[in-house]
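Two complexes are shown next, each including subunit A; its partner changes from subunit B in the first to subunit C in the second.
Our next item is the complex of A and B:
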């Protein structure tokens, strides 16, 4: 087996990126990408490797974000402390939830996780005196420049992927996969399936909570509809993993890159192409077409996911040998 | 103190009594056969012993300790391994990874588990397919993988549920050889089997049940000649 240098080269490129590209716009996109690497990879630990599909990762993301925000608002604690605690609080939210749902099998966990995410949003909305309700929480970002955030986000997302890699190649990883493949078999050879499902949830919710706290620090504003959003976080987490490859270590990172790119591609009207044509030709229809395209990014995700599920059911990383074969006409070397 | 004993085990599913007061005793080092027609309660008995079903009443004693009603993973750690009649390969993992996952029950380090798994794979004759995905194994390989996984947990007592079912004659001879080897290795075996040639040749003692109740117990010869057993298998015309 040859050593895989790609991740190291990639890491070097990412470290050098802000030195070359100084545009805030691209740095912002990269930070979003790192956030999605964290969320997608965490979701993947629980759903992709352990087989416990979650429709409610927004609950953990929001819990992390609100931890950082509330600690600042009520105790004037720096949101950076909140970041350290955000993951822990998300994990603490996950544990009793897992303890209740994991002794059951089948769709119960998936359904309950959906309820958890939605429930958390309502709780954050209703408890106005504590969370500020729909007013949200605003904090002053520590840095004006995006570069510090870039490196913090890079470090956290790299740590997430590395920890997933480490766990998957050790005893808990084997246990997660066994649980995913067959719970009865797993029990029969000595795996406490309830316990290890909880371990998997703890890892997953911790990193998602960290991502949420990072989001609070970076964006400076959260409200319940932003951070507990079903379609922006719970569902996006699933899409990121599906596009990149469910149950692969680097899949969610690839998926995150593509999803952020697709979102931006649509949001900017094909990188300003429509606006440009509209302006140069003076045609009003192009300007209004640009408006439509901007709002069609969800449609873009939909089409992308359909394409991936039809032709690459294991995601881009999972079906990489197939892509290589068909695209580059190279026979896989083993 | 008996090595392993089952006392008056009863399992009721609603109004259906699947197992009704089965008792037997297994000595260390034995190969103990459990036979009976379809639906007689053999697999239900296994499921009660290995913790998948809590018994409605009765006791399971392993080295003098009551173990009924414990979770399957605890029973495994106590030293009772099992295989499934309907095989349960971890399909998207290689044969080696299947066995490594099981070996982690006794080994905490990656290296230890890997070495244990490699020894077990060698013992069970799965070396040629060790890098293959479990889902691509034919039935004989899957049955063997079941045994390998159970053996990787280093059981003192191994419950084999229809290990030779669905195998061709050559394969079933190989399965018998493997079971003998497991016993020589120091593991006590309780085996459920329908193929008479298999169970009659390897068992030291046989326990026959029908409709959840014991109908006979003894050496293979005694059981084969037993009136009630012949009746249960062939009907009253032949008895």
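Our next item is the complex of A and C:
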């Protein structure tokens, strides 16, 4: 087997990145990128490898974030304790949920996960005395500089990808795949499908919870509509994995990079291009065009979903041979 | 006791509309085997159609007959252009049609936001706030009319599914797609018509709801959630179940809002959802057998 050096080279580049680029803006984007690598990879373990599509990963993300926030709010513990516990709490949320849903076949898990995400948001909003309701939770970030967060996020996301890689290449990973491909066949081989779906969910919810705790520490502010958002987290997690490649180990990392770039592309109005043209030429139509682009970012995501599912159903990594064939007109050598 | 009756009546009337939403969803679920996560968004679109016609002075109950064909057409296009091609595509995930509906829902919401802005719109009619009393319990005029029309549509739907050739083909496709194909049913066409019908039914619900509700682009999400709770309650693919599920959800929300507080209205639906998954997986379909 050919050794794949690309991930190692990439890791080295990422380690050196803050030494070269000191702009807070790009460091912030990179931290977001790492966050999405974590969430996308963990969604991918459950949906891409085990075949259980979740529409409610925001529930685990929010659970992790609220763990960190609430520990500080009520016990005055440093939010770094939340870092340690966020993943565990998200896992504890996932286990009974999986125990209820996984014995059922068909669309139940997808629907129930959607309900879980929405339900968590309502609960966090209503229990004002405990979670602060719509007021949210605010903490002071420990570091002013972004560089410590950069390395923490890098370490966590690398750990996520590594652990996914480890699990997928070990025995449970093959069980996951067999459940995805044919549950009946898996059962007839004596695989406890409910148990292994739960194992998959536990891994997935753990890393998503860790991402949530990291978010709390880094951003310093959460409220129910931010961290339990269906579109911003549950659907975005799906997008990251699908764009990159469902059921591939490095796919979500590629997807995370593209999605963060696309998000920023829209948010900044083509990286400020329209604003710049509008200012230099003095034409008002470009300024208003920039405004339209800014508002269109969810629309852009929606169109991206449609386009990717129609033409690149296995994502960029999964469909790479196809893309290469079409783009460079190179026949794959066998 | 009056409060209780009042709550039950309000919940029941709302349940009639929910049933209409649920039937559309469950038809699509039964025939295609997918959950349509753009269902509420389609309803939102129908409400905007009603709103636009209302600004021209058309009564919501007449614009119903415009909104339904329009949404039928949109449903047909969605199924034909976006969902049917996915059946042939080789992928790992079986759910990519569902993911597609999520994308469609996002696009519909944002297009509506561009066209109508985010603020709340109202369809004002003479009977929006009108009520009448029956045995000490007040009935909202608009909701009662809506309930009656919803009932008529549900009955018509049943007649259509049970007695017409097309209806029989739809039921055959839902039961066994391969067998239906072998019997000479053009299942590809049936899926297109079913999605159109589902969209038209939810459009009817939207037009009926427009006089008593406010209209804004983000309204789709919560109603999609309601629709799938109803479908799970009723049992996936069961039309009778969808009616029972719709009425149950309407009653439960109404009772929850009265006795627990307004903010618990949405929680009640989700609590029922979990209870059904725990104690009656398969929903009311298990009890009614149809």
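Simple rule for what comes next: the second predicted complex is superposed on the first by the 332 of 334 C-alpha atoms of A that agree within 3 Å, B and C clash if a C-alpha of one lies under 4 Å from a C-alpha of the other, contacts with A are read in each partner's own complex, and residues count from 1 in each chain.
Throughout what follows, a residue touches a chain if its C-beta (ideal position, glycine included) is under 8 Å from a C-beta of that chain, and two chains touch if they have at least 3 such contacts.
All values derive from a computational prediction rather than experimental measurement.
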Touched partner set for A:126, first subunit B, second subunit C, both or neither: second
Partner chain in contact with A:29 - subunit B first, subunit C second, else both or neither: neither
Touching partner for A:191 - first (subunit B), second (subunit C), both, neither: first
Touching partner for A:306 - first (subunit B), second (subunit C), both, neither: second
Between subunit B and subunit C, more extensive residue contact with subunit A: C
Subunit A positions touched by subunit B in one structure and by subunit C in the second: 247
Footprint of subunit B on subunit A - complex, ascending: 169-171, 174-175, 177-178, 181-182, 184-193, 247
Complex contacts: residues of subunit A adjacent to subunit C: 47-48, 51, 53, 55, 100-101, 104, 106-108, 110-112, 114-115, 118-119, 122-123, 125-126, 180, 230-231, 235, 238, 242, 246-247, 295-296, 298-299, 301-306, 309-310, 313-314, 318
Residues of subunit B defined as touching subunit A within the complex: 50-52, 71-73, 76-77, 81-82, 84, 88-93, 97, 100-102, 104-105, 108, 110, 113, 149-150, 152-153
Footprint of subunit A on subunit C - complex, ascending: 29, 34-35, 37, 82, 85-86, 89-96, 98-100, 102-107, 109-111, 113-114, 221, 225, 228-229, 232, 236, 263-264, 266-267, 270, 273-274, 277-278, 281
